[in-house]
Every structure is written in structure tokens, then in C-alpha cells.
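So, here come the structures, one by one.
The two complexes that follow have subunit A in common; it is paired with subunit B in the first and with subunit C in the second.
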Partner chain A sequence: MRWCLALLVCCLLAAVNALSSSGSRLLAVLEDTDQKDLYSTLWADLEARGYDVSIESPKSDQLALFKHGERAYDHLLILPPKSKGLGPSLTPKHIVDFMNKDGNILLALSGKASTSSAVSSLLLELDIHLANDRSAVVIDHFNYDTLSAAEKHDVLVLQRPGPLRTDVKAFFDGEGVLALPRVAPQTLGGESTLLAPILSAPATAYSYNPKEGVPAPEDILATGSQLNIVSSMQARNSARFTVLGSVEALEDKWFSASVKTPSGTETPTVNREFAKQLTAWAFKETGVLKVDKVEHRLATEGSELNPSIYRIKNETVYKIEVSEYVYDKWVPFELPGDDELQLEFTMLSPFHRLPLKPIGRTETSTIFSAQFVTPDQHGIFSFRVNYKRPFFTAIEEKHEVTVRHFAHDEYPRSWVITGGWVWIAGLWAVIGGFLAFVVVWLYSAPVADKLKKTQ
Partner chain B sequence: MAPSSLDVLLKGSSGRNTRGLLRVIILVTIAAAAVSSRLFSVIRFESIIHEFDPWFNFRATKYLVENGFYSFWDWFDDRTWHPLGRVTGGTLYPGLMVTSGIIYHVLLLLTIPVDIRNVCVLLAPGFSGLTALAMYLLTSEMSTSPSAGLLAAAFMGITPGYISRSVAGSYDNEAIAIFLLVFTFYLWIKAVKNGSIMWGALTALFYGYMVSAWGGYVFITNLIPLHVFVLLCMGRYSSRVYISYTTWYALGTLGSMQIPFVGFLPIRNSDHMSALGVFGLIQLVAFADFIRSYLPGKQFQKLLTSMILLTVGLGLGGLVLLSVSGVIAPWSGRFYSLWDTGYAKVHIPIIASVSEHQPTAWPAFFFDLNFLIWLFPAGVFMCFQKLKDEHVFVVIYSVLASYFAGVMVRLMLTLTPIVCVAAALALSAILDNFLVASTPSPTAESKAKASTEDKSLRSTREPVVGIYSYLSKAVVTGSVTLYLLLFVAHCTWVTSNAYSSPSVVLASKLPDGSQFIIDDYREAYYWLRQNTPDNAKIMSWWDYGYQIGGMADRPTLVDNNTWNNTHIATVGKAMSSREEVSYPILRQHDVDYVLVVFGGLLGYSGDDLNKFLWMVRIAEGIWPDEVKERDYFTARGEYRVDEEATPAMKNSLMYKMSYHNYQSLFPAGQAMDRVRGTKLPKESPQLNTLEEAFTSENWIVRLYKVKDLDNLGRDHSHAVAFDKGLKRKRATKHKGPRVLRTE
Partner chain C sequence: MHLWQATASFCLLAATAVPGVAASAWGFTDATVAVQPKGAGINGGFKDQLTPSKPLASPVSLVGADTLRVILTAQEGSSAKRPHQAFLLLKDGQTGLDISYPFSVKDNGKSRVELTQKDLPIQFLSLSNPVDARVVLGGFGDSTAYDSSVFQLSIDRNPEEAVPTVETERYGKKPEINHIFKDSASSPPIVITLAFVAMVGATIPVLAGLWHLLGANVSHLPTAFQSAPLSHATFLGSLIAFEGLLFLYYTSWSLFAFLPAAGVIGTIAFVSGSRALGEVQGRRLAGRR
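For the complex of A and B:
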């Protein structure tokens, strides 16, 4: 009775504190505490969604990401510092450790001042590159706000981004335009699969350093849509690192501003909604996948659940339940677009790679299933589901099972094999013939004796 | 009078009984001596399984005792050869495990509670007692003298050539196989002598047991047909030979085919073809013999020649056809290496890398057999003198076994029994001649002569020399006794010093003479057992596979059952390549820990760096383009590990794992490797993809944990550099066209 009550209380608590799937302690690092009021709507929005926001200066002595070797915060929001670094408690090493322990980070940059070298070298570890001099802004002569940046063209006005590819879910789309003043552009390394751009600059944009002017052609690293305004990185443990190029876009001023493109009409910005989408994703309120249950068994009725050993050529069923976290609750996961969840049956290399079909759903999860025959090869196999997509946390399920050979009494008996009948007939013919011969031999002996006597 | 009362005991029927009783007592004593001389290691160390292979046999026996015979028969072992697994039930000789399983259950039935480990440890000494008895029986068939058998039994009981494979704890197939070998030969001799189906069938039965126990059964499979063949060639065909051989072949082959590991080999493998051929030949000879008794000589002559031509033609043609078409398997590599000692080194390095497959050094013969080795030819010579059917067997056996023992160290084991037989024959002949032969009582004529010529020279009356004189008797018996005593002393010394070390536990002497036990292996294996998850995969060179499986109870990649050369080569490649090459291999095979044996600190020469070239060679056999033995030698052809080691050597995983952090034990720049006797480079090698997990007390066993992929997707060298606080260079200078993301 008592534990029932406790469970109920827990459920209620969960319902009240509708928030991130991975904790509510959020640390915002802000150098000037008087700047805090610039972002008051943001803080209010975050607290309304259930976060315990603590705002600290990077220079503060009390600031520590870890306490007794454990994370002291679940999420980290870093606003651009004015000084060279982020202080002794936020070195790149600390931040990487924070990520290795599943902490999420949202890093805002600003094109107003040059980015600190500590931040730059941290980003370099993640294979995210800033412009050479770390103080460039994105300029676009076609998509700028004519009201506030008629001269400098450095306030971009853009649509919210749609899906990255057809098989990727769009977490940041919607109606309305964004105002992005003074964006510090990022480029992403070419090889990392952990990186994904959230919002890229338009094809007509370019990177420009107001102090140095237009760079020489050979120094240009990227232009147009190769420049990212918002980029994301999910580590292997699914800790999220988000880089927002323009910190000003989070200010109250731009949440409620109106903008006008050279060709368009004056419209209010949707920066507030976008900030919600972005922080929700960055702090794991959306795009979080969870495997609830994995089952595998023989296809026959009443077979043992999750056995550790199978035989070759067994009909096998594999089931996996996946749920997705959307803002405040777990819901059945639905595959975006034309994407597929795949099961591999692997020993050194996959022997089977099969699509997992949704066969049903529970209240919070979708059940995917596949049925197949184990290969004619004994060994130690594993059922693997490896689902890694941009913006979704990774699913990496591996269950090792042994596939054994036929036991001595599992082969068909000789008389069942029609091809063996010839040999069986031959065998019994020899035995019968021998017996017949012995009988004939035994009963034909005395005749010779009689003949001798008569002679 | 005392002599007369002794006479009552020694003569007549009661004398026979007395001698019989004495013989039994002597044999029991010999068996007891055989058992007790093998207990050195138990007394010095503890009741522990030795070496490598016995650990597998022990593990298999435990499985058998725990799970019953049928699941043992169908055992699929998923804890070795990860991820391939091993069909263990079908790829082992079950005789040993089943024997100790039966003994264990019988003891339980007699309500004697006993640990299966103790059964396994003491099985070999127990069976050596039986071997001595079997030896007595075999030798008694060769000689009329009762002392020959007893001597042979005593020799067999304590000769080091046999003790080397049967000390307590040496729980290997040979432990019971040598008894079976000797006993099968005894039964075979009995069968040939009596020409009885019963003895032939018994031979087949024990042959079947032998097949179930040891791969060396092929020796019997070829020796018995050879014996029969030689007898046929000598014109000694008789119905005795026919009956015993056909009975043995038919029943024995059927019996041997019941062992899953042997299966259809007896009718498909070239190693077994001689038995089949002789079986066919003896049918023809029997048929010819039968015909001859019905046909006149000339017609028979014609028939015989045409028949011989026909069968030889058909047989040869058939054999070639079957071999070419692949029905009969070609000779196995191990077989070729018996004839050409260089064959294995070139074609099958995995066989050549085993020390017991090396050719025997000459001193080893004296070491293992002592004075038996020079009595051996004398005994063989004496067999030539009599040359009955059974003596032909001794001669053939000694010729074959001598050759094989010269080719491979481990085949000394098959030579030992026949050496004991021959030496016992020779020695008993000497002793009989000198001890028993009394001066022939002079005939009546010579008596008369003697009385008349009483005054001849004194020396001719009672000769001092010659075999009847007491002096020569004393000298000969004395020297033989001396030799026998020396033999016993030698055997005891060899057993205690050379063959009684478990090799799992090493013992060395401190300067003050006290014993120093080095127990690093077990320390490391128990660390694995207690600190790693139950299915953590351990990669090591295959030598340690069985021990890891037995003592640490963790899955291994390769082990001493070297059935898959490619898998071993994969491990060899991982060990001998750069980290960047090795790491994907380790990941692909789910390796969690890597184990290396390093003797540099202690001067333990059997370590992995000394075996390293075999790893390279075996890997080169499969990937000749990626691993090259030449790269591990300096330009001057030296194998070095110091400052001048080649880059391939210095970057190999094995080198890095062996010397990782080793330099920190020494003052700067003075690190020494005591096995290879060289000074090491100042800097210890940098490991990026592995991290040290455990190093045993004397640094003999070192364990490394394989790191997971970097969380941020960097490669490990960058991650390690970052953790050390080194700043990464900004990747500003791009060589070639920039790679741009498309999404």
C-alpha cells in the first residue's frame, strides 16, 4: 500500500515537473550579472518548463561542474565571455569531461566580439571550426533586416529550418521568420558523423570581418550554406553540444521585434519559439529515444524468453520496444519519413540485415519486430540494432547469443532419408543372406556321408 | 638345514606358488614405485594441473562431470575461439575425460568424497602403475625368462622418457594412452601367437579405447599392418595371422569410427590406408593359399602372376583416382613433417612454433633413457637371434620408433616402451647367463679323465675366467647392480629436477638457497576472474588460451587447440601491427582485454617477445602484403628491441604492451631487458588505444584494457594528447581540396 502511494507521488511529481529527460539542473554561465536582464524572457521560459536555472559568472569561485566526482549540473548554457577564457573551472578539459558524463551544453557565440581562444580550441576538439580570426560575422545582402541593419546587413532574417534530409525528423520547423543579429559562423568538419547543422546560412551569405575587410580569396574557408548559424554535435553517449552563432537572438529585444526583408513586409519574429525548440532539443526534451524492452525467442509457441543459446536453422523472433520523449512524456516512437529500423544478426560481419516492422504499440512505445532463420553457421552471434540519426539519441543494442550445431540426436534418422533406403536394404540383404547361407550350409552336410558309406 | 627348507619353497609346485607370489609382490612394489616417483610436484607445490593442454582437459572433465555424457558429446563451447566457438564435443578425444569421469563416479558410488581435480591430478600416476603391469605382460611374451618381464616393468615404471608426460598433474591424453598402447600391443602379440578371435577382438577393443584417448593411435594403426606385412613378406603367412589381423581390423576400424573426431578418417585418410591395404593383401594371400592346395604348381604359378599384376594395377589406379578426386584426403601436414624436418618451418609455422615438435637433441636420448639406450640395440639383436613372430614385431617397432623419436621430441614417448622391452630382454639374458647358469656337471667321461689327469695344471682344473667362474659372475652382477642403482638415481634426479615443475607456478632459488615461488600467472588469471565481467573477451597468444579458459574462466580468441590458422594469424596480425591497424581488429572481435607475457624484469625467457617472430610469421602466412618478417629485423639482420629496433618493431602492439611504463622502474635511461640483455630506449612507448589494467608482481603477465571509441569521435592519439593538455593545432593548412559537408 505504502509503495503504491509512493509511486503515485512520484508520478504526480513527474507530471508537475514536466521537463527534460535527463534532469533539471541548468547552469547558465554569464560574465556580467547585469546582462542577466537582457535574457529575462529566456530564463522565465526555461523555469516555466521546469528547469532550476542557476546563473554564475565564470570567474566565481563557487563555480564547479563536478561535485564529489559527479556532475553538479545536468545542462550547461554558456553565453559568450568577454575575456580570453572561461576561467579555471570551465576549461575545455572540464567541458569535455562534462560531456563524457552525459552533460548537455548549449554554447552561444557572438559576432560582436572575437570568440575566446579557449572556446575555439574546445570547438576544435569537436571538429567545429570558427573563422580564422575568430571575429567574423555573416553578411547577406539579400536576407537582412532593413529596419535594424540597413547599412551593415548583418542581421539575418531567415525561415526556420525544415528537415535536414528526408529520413530525418524536423525538430525546428514552423511558420515565421527568425532574426539573427551578428552571427559568428561555424563550419563543420567533413568526416565526423556526430555533427549535424541545425540552421545553415543562405546561399547568398558570406563571412566578413568588419575590422579587416574582405579576406583574400585563398583565405576563404567557406561561404554560403557551408556556413552554419546553429550547429549540433551528439557525442557517442548522446550528450548534446549545440552551438548558436548569435547570442543576441536570445535577447528579449529580438523575441518581440519586427523585421523586414528587402523584398518582404514587416513581420514579427518567432525567435521565442525557436529558442524553445532549440533549448528543448539541446537539453534533451525532444529527440530522445529509449529502448524499453528487447525480446528474442524461438518462433515456436511457449519457447523460453531471451535464451542464451540457439541452434543453427532455428526460426527466431526479435522484438524491440522503442519510445520517444517529447517535451514531457514518453510516446511511441514513429520512424520519420522513409527511414527504417534495422536488425543485424552478426558474427564478425552481418549474416542478416533485416528491417524491423512496427507490429503494435503500447501506451508509451512502439513494438518493432522481425522474424528470421538463424544461419547455417555456428558461433557467437549478436542481435544488433544500431540506429544513429541526426538529432535523435543513438540506439545501440547488442545482445550476444550462441548458435550451436546440431546435437547428435537432432539429425533425421536414417530411415527418414529416402536416399538411405538403398543402403539399409543392402545392409539387411547381407545379414539375411548370411543367415540363409548358414542355415543351408548346416542342413546340407550329411549327404556326403551317405555316399561314402555306399561306396 | 636352511638350504633344504628353502628348497621346499623354491622347488616343485609349492616353489611355483612361491615364485608366483613373489612376482606379484614385486609387481605391486614396482607399480607403487611408479606412482610415488611421480608425486614430486604434488609434494613440492600442491595438487595442481600443469602446463597448458591439461587445463583444457581438466575444464572438459569438469563439464562432463557437471553436465553428463550426452551434453558433453554435443558440447558447443562458446568460451573459446570467440566469436567462432568450437564444436568441442566433436573435436576432442574423449577417452581421458570419460575415464576420469567414470573413476569419479565410481568413487562417489563407494561413498568416497573426492574432488574431480584430485582425480585428474592423480590419473597419470595411477595409470603409470598399470603401464608397468602391461609392460610385464608384453615382455613376458617375448622371453621365456621370468626376469625379463619384471625388469621391463621396473624400467617402464621409472624411466624419465615416460615420466616426462605422466607426473601428477600432467593431465594429458598421453597419461592413459601409453598404458593403452602397451596393453594393445600385448593383446596383439597374444592374438598373433594364439590365432584366436577372442584375443583379436580384445585387441580391437583396446585399440578403440586408444583411439578415443589419443591422436597417436595412428601409430598402432600403421605398426600392426606393418608387422603383418613383414610377416607376409617373410613367407610366414599362417591362419593365426589371418584370423587375428582380420578380426582386429574389422572390429577396430568400426570401433574407431564411433569417435566423432575420427569419424570417417579410417577409410578416407591416407594415414590409415596402409591398414586397409594390408587387409586387402592378406585376403589375397589367403585366397592364393587356398587355391594352391587345389591346383597343380604350374597353373598356380600362372594364376598367381596374373592375379598379382591385376590387383596391383587395379589397386594403384584406384588409389590414384580416389586421391585425385579428393575422396581420400591427402597426407596431413604433420605427417609430412615426420619425413622432412624442415617442412613444417616453411609450410606450417604453427606446427613448427611448438617446442615439442622440434627434432630431438642427442643428449635427450641419454637424459630420458639413461643406460637403457645402450642396452636397446643389444636387445634388438637378441630378438634377431630368435626371430619368432613377436620378435619381428619388436624389431619393426624399434626401427620405426627410433626414427620418429629422432624427428620430434614428443615422440620419445612412443620409443620408451620398446626400449624398455629390448633393454629388459638384453639385461635379463645377461643376468640369467651369469647368475642362473651353474657349472655344467662334467660328464662321466670327463670325470674319469679328471681323475686320471689329476696332476695337470691347476688353472685348467678350476678356471678363474669364463662365465661359470665366481669372479666373472661377481664382476658382471656387481656392475649390472651398479648400473641399475645409477639408473634409479638418474631417474629420480631427472624426475625431481626436470619434469616436476607445474610451469604454471615457477620456482627459482634465491642466493641463499631458499626457494622463491613466482606465481604471476595465477595472480593475473585470478585478477581477471574477479575483476572483469563474466563474458569479457581476452586476447592473448594461443599458448595461454587453455590456461585463461581454465583458471580465469573467461572467453578467449585463440587457444592451444590450433584448429583455425586464420584466426590465430588474425591475433598475430593484431599483435604485430601498428595500433591504428590493430584497433579495428580488436573492436571487430569484441576484445575487452589483451594479455601479454613479459619476462624482461625477471629474465623469464619464455615470454611473448621471444615468441614474437612466430606471430609475425604466422600472420605473414595469411597477409603477406601487410606483415613482413623482414621489417622486424634491422638492416644487419638482427632482432633488436633497443634504441636501434626497427620502426615496425617499435610500433607493434606487442612491443608497446611489453615495455609500456617499464622505463619508470629504472633511473632515467637505464632500463634493462634482462631476457634479451639490452638497454632500452629512454622513452617508454606511448599506448593510445589500450590502457594498462593490471601488471603482476614480477611483471610476467601484463593485462591491457581496450579503450572504447572516443566519445567525441576523435581518434585516440588526439584524445590522449588532449587529455595530456597538449593544444591541438588549428587545422588551417589544408592539403588538397577542402572536404565540404553536403548536408
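For the complex of A and C:
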């Protein structure tokens, strides 16, 4: 009876905590803990989604990201500090170590005061750049809130972002407008595949330091869509680092505000919705992929499952089941837009790279399959599925198999090869001739007349 | 309560702002666009007037090392003034690319920007259609900002020069690869094969005919079978059986099925053969061959 009760409690706990796919311990770093009431709706929303939120000041002595060498928290939300750094327990090195151990980070910036140099150097490690003087603000004279920033034009009013490309899933889209007060812009390095912008500024936006007057042309860091308001970095271990340019957008005030652009009408903001989408993605409630099952076999009926050896030119079937985590459950994964899940049959380099087509689905996963003929090259091959896309955690599946040559008795027989008939006929002609010779030698009588004539 | 107050003050603000908006809007006057080829004088090359209300009818072409120059005087309402934002914005509708070039503005609103192909990001150099060149003027406060297309800029290149491309890797689907198989082994046409098979098959009758011409015969067959019928029959039979064994080995038997059978038949052939050859020797000793 007590067993049952314990089990029930465990199940309940699991149900409450199983919200994010990678744990529920969330540390919010807030320099002035008195300010936490400004974000009370955010904390309430996070706790309602199952997070175990602890709010600490970076100056606190007890604050440590690691305990006994393991992560003490699963996720980290850093609100911008006013002082120069984040303290001794949140140095850039600690934060990068936290990511290396699969911890997720959401870093909020603010254009109200200049960003601390510790945060700036942390971002530089990830190839995310801030303005040189770290105190730039994004201004747009076309998409600002006329109600709250009629003079300064520094409260941007933007639509939620659509898909980044046609083959990328839109995790942050939807109806309604966002109010983004005093955004600290970021620019992204062009070389990294790990960086992806979530929300870019409109084409007419630019950044400048509000403490200075009219910016000289050479002082303008970047303009238009080069300026990012929200950007993301997903490391190779799929740990996520999200930068939000405007911390004020998370405040209760902006969750329930109404805004009006110069040309539009007064509309309520959807900041609360967007904050949910953004924190859900940042803390791995969305965009998490999982491989449930991998099967490969010969295309013939009743063949062995996942054999370790194939022959060259075998017709082979490969199947993979993929699930996607959406907020609180695993659902069948659907490919976004014109994207493809690709199977590679590789020995050093891919011999085949084929699209895997969805052929069916289970309750929680989609079954993708491809059929192909193994190449006419023997060796150690592997079935590889290497699916890395912006905003999705990486799938890397590698299954090694041997591809052998034809065995001696698997070649076609000589009489099947028409070109060999001449040689077969020759062989039997020799055999026939030999038998005839034996008979003639055994039973031939001398031809007396002819012998006599020649003698 | 607080919200109400805020809304009321906003309404007041909006009410005072509305007439102002209508009165003051950013715009420009005395604007020209010029393309100066490299080495040409100040007045060489293309030059045209720009109007704030309507873009130029035909695209402006910027080739090779030409310099594009846009000059204008910014105005708020009807008085020349320095705007906070004065950009020449290039925008491509198809790809969504955009980039702005700030004007250098004097306090009297006179603004000027110069641009060559070297200043453009290389993504712009490979565009096939002209890009939209817009002038963006804006400032703080409640005056309406200006953003409108003023001309189309066609970025032309010398067709003999290669267009620089960007080689940056992005995660996405890769091109499909299908293994190219080697050609399978093939036989010559069946007609040729059959012709050669016929030629090989014809050797047996040819051999028989030649032997017949030389006088080969089987006249001693009855004699031999009369004197030693069992040994001759067994010897010939074992030879034929041995060839049959080879045929079975070729089509289906394994070596371990073949070897014992070959041993048995070989022994029979040896024993019966020595008897049969003894009979042949008897015929020779009798002077009959």
C-alpha cells in the first residue's frame, strides 16, 4: 500500500517536473532582488509551466552554478546587471562551462544603461557583438510606440518574427505586436553556423548612443536587419544561449500594455505570449528532437533486422522514428517547409545521400524511410542521419555495417552468361572427341589394302 | 486607476500632436543623383533630378568602378534642417536584403552620400534585378518621418568578370547524392556467340570425317565383345560415367560428393581397363592389328 502511494507521489512529481525536456531548475540572476516584482507575471508563468525558479543576486555568497562538479541548475536567466560584472561565480568561463554541461541560458540586455564588460566579453566568445561603447539603443522613426515614446522613438513596435528561411520552423510567430523598449542591439558574426537571429530590426532602424547627439556616419554600427533584437546560439551539444535585447519587454507593465505606431491603431501587446515562446525555446520546451528507433534491413520479406553485414548491390530499407518535444509532450516530428531529413550511406564520404520520406506515424513519432541499393564497393559503411537545423536540437545517428563482396557461389553460373557458351561447347567437344578416340583406338581394324599399297 | 490616468494623458498628448504632425513632415528638396565614371570630370556621366513624391522612371546603372552620388537638402516641413536619421537605403524585394548608407549632413540640411560597388556587400553584387534605392529621413518628436523609393539602382558588372560569391556554411539540407554504379559485365550479341558455338560443334563431324577418310573403323567391336564382353562394357561404361560425374560436379555437386564417386569409378575403370587392354594386346599378338 505504501509502495503504491510512493509510486503515485513519484508519478505526480514527474508529471509536474517533466515540463522542460531537460530539467526544471531555473536560476534567475537579478542584481537588485527588490526588482523581482517588476517581473512577477514572468515568474508566475514560468512556475505555472513547472519551473522551480530561484532568484539570486550575483553578489550572493551562496550563488554557484556547480555543486560537486555537476550543474546545480538546468537553466539560467540573467537579467542585466548595473555594476561592471556578474560577480565571481558568474564569470564568462563559468557560464561557458555551464553551457558545455548542457545548461541553457537566456541573457537579457537593456539599452537603458551600458552593458557590463563581463557580459560583452561573454558574448564576444560566442561571436555575438555589441556596439563598441556598449550603450547603443535601437531607434526606428517608423515603428515606434507613439503612446510611450512619442519623443524618443526608442520603444519599438514589431510583428512577431516569421520563419527565418523557408526550410526553418517558425517557433516565435503569431498574431499581434510586440513592444520592445530600449533595445540593446546585437550583430552576429557571419561565419558561425551555430548562430541564428530570432528577431531582427526593421530595415529603417538604426542604433546610436543616446548620450551623444546626432551620430556621425562612421559611428553607426549597423542598420536595418543587421541589427538583432533577439538572437540565439545553439552549441554543438544543443545547449542554448539566447540573447534578448530588451529586458523591459519582460516586465509586467509591457505584458499588458497597449501600443500605437505612427500609422496604426492602438493594440494590446503580445509580449506575454512571446515571452512564453522565447523562454520555452530557450529552456528546451520546444524544438527538441529525439530518435526513438532506427531499423535497417534487406528489402526482401522476412529478412533479418539490423544485420551487421550486407552485400554490395543489396536492396536495403532504412527506417528512423523521430519525435519532437512540444511544451509538455512528445509529438510526431514534422519537417518544416521544404526541408528534408537525409540519410547518408558513408564510407569516409557519402556514397548515397537520400531524402527520408515520412511513411507513417505512431502516437509520438513519425516514421521516415528510404530504400536504396548498396553501392558496388565493399568496405565498412555507416548509415548516417545528421540533421542539424537552426532552432532544432541536433540529431546524429550513426550505425556501422560491413558491406561484403559477392561470395563465390553468388555469381551467375557460366551457362547463364551467353558469352561463355563457346567455351562450354569447346569443353564438351573435347570430351566427345576423347571418347570417340578411345572407341576407335580399341576397336579399329587395320585397313589391309591401303597399308599394302603404301608399303 | 493608473492606467486611466495614463490613457488620459496620452490622449491629451495625441490631441496636441495631431495638428503638428500634419504641419511638419520630413522631406527633401534640391536632390540629384549622379553616376560618375572613373576618371571622368565632375560633370561627366549620368545626372538626374530626384523628386520626393515619385521615383525615377528608369533604373540608374552603377557599373564597375563608377561612383554613385546622391545630394539632397533635408527639410522638416518647408524649412531646411538637419535630421537625426538620413540614410540611403538599398532594399531588394525578392531576397529581403537591406543596407543603409548614412548621408553626411550639414547643419543646414545639405546631405551627400557617395557609393561605389566596393562599398556594397557582395550579396548585392549577384542580384539580377535592380534594387530599390530609398531615402529615409527622420528625427525625434512628432514630425512624420520620410521613407520612399526615389530610384531603382541596377548594379551591373562586367560580364567577363566572375561574380564574387559568399562561401559561408549554414545548416540546411544538402544536395542529394546517388551512387553511380559501374557498368555490369556484358556478353557479345547472341548471334555471334551462336555462330562460334556452331563452329566449335562442327569440329566433331569434321574429326569423324577425317578419321573415316584415313580408314578408321570399329570393325573389331563384335570380336572384342565376344572374347571379353564384361570388361569392355564396364571399361567404356566407366569412362562415360566419369564424364557424367564431371557434368554433375559442374552443375550441382560439391567436391566432397564428387571425389569418392570418382574414386569408385576410377578403380572400376582401372580394373576393367587392364582386362580390356589385355584383350586388345591378345589381338595384336595374334597379328590382327
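The rule we apply is simple: the second predicted complex is superposed on the first by the 417 of 455 C-alpha atoms of A that agree within 3 Å, B and C clash if a C-alpha of one lies under 4 Å from a C-alpha of the other, contacts with A are read in each partner's own complex, and residues count from 1 in each chain.
Heads up, the rule we're going with is that contacts are C-beta pairs under 8 Å (C-beta built on N, C-alpha and C of every residue); 3 or more make two chains touch, one makes a residue touch a chain.
Quick caveat: nothing in here was measured; it's all calculated off a predicted structure.
On the superposed subunit A, the two partners subunit B and subunit C both fit, without a clash. For subunit A, the partner touching the most residues, choosing from subunit B and subunit C, is C. In the superposed model, A:K36 makes contact with neither subunit B nor subunit C.
Legend: residue contacts after superposition of the two complexes on their common chain; A:E340 is shown touching subunit C, with no touch to subunit B. Once chain A of one complex is fitted onto chain A of the other, the partner contacts of A:I220 are limited to subunit C, with no touch recorded for subunit B. Touch criterion met: A:L147 reaches subunit C, while subunit B stays clear of it.
Contact with neither subunit B nor subunit C is seen for A:K84 once the two complexes are overlaid on the shared chain. Touch criterion met: A:V439 reaches subunit C, while subunit B stays clear of it.
In the superposition on chain A, contact of A:R165 is made with both subunit B and subunit C.
Using the contact criterion defined above for the overlaid structures, shared-chain residue A:G426 touches subunit C, although it does not reach subunit B.
Shared-chain residue A:K357: touches no atom of subunit B or subunit C.
The gap separating subunit B from subunit C in the superposed three-chain model is 6 Å, by closest C-alpha atoms.
Residues 165, 190-191, 193, 226, 390 of subunit A contact both subunit B in one complex and subunit C in the other. Taken together, the subunit B residues at the contact with subunit A in this complex read 70, 73-74, 76, 78, 82-85, 87, 90, 260, 535, 555, 588-589, 708-714, 718, 722-723, 725, 727-728, 730-732, 738-741, 743.
Of all residues in subunit C, only 10, 13-14, 17, 82, 84-85, 87, 89, 91, 96, 98-105, 136, 138-142, 144-145, 147, 168-179, 181-182, 185, 187-188, 190, 193-194, 196-197, 200-201, 203-204, 207-208, 211, 215-221, 224, 232, 236, 239-240, 243, 246, 276, 280, 288-289 touch subunit A in the complex they form. Listing the residues of subunit A that touch subunit B in their complex gives 92-93, 96, 99-100, 120-121, 124-127, 129, 132, 164-165, 188, 190-197, 221-222, 226, 233, 235-237, 239, 309, 347-348, 378-381, 390, 400, 402, 404-405, 407-408. Against subunit C, the residues of subunit A that register as touching in their complex are 139, 141-142, 146-147, 150-153, 165, 167, 190-191, 193, 203-204, 206, 214-215, 217, 220, 223-226, 262, 313, 339-340, 342, 344-345, 350-355, 373, 375-376, 388-390, 417-422, 425-426, 429, 431-433, 435-436, 438-440, 442-447, 450.
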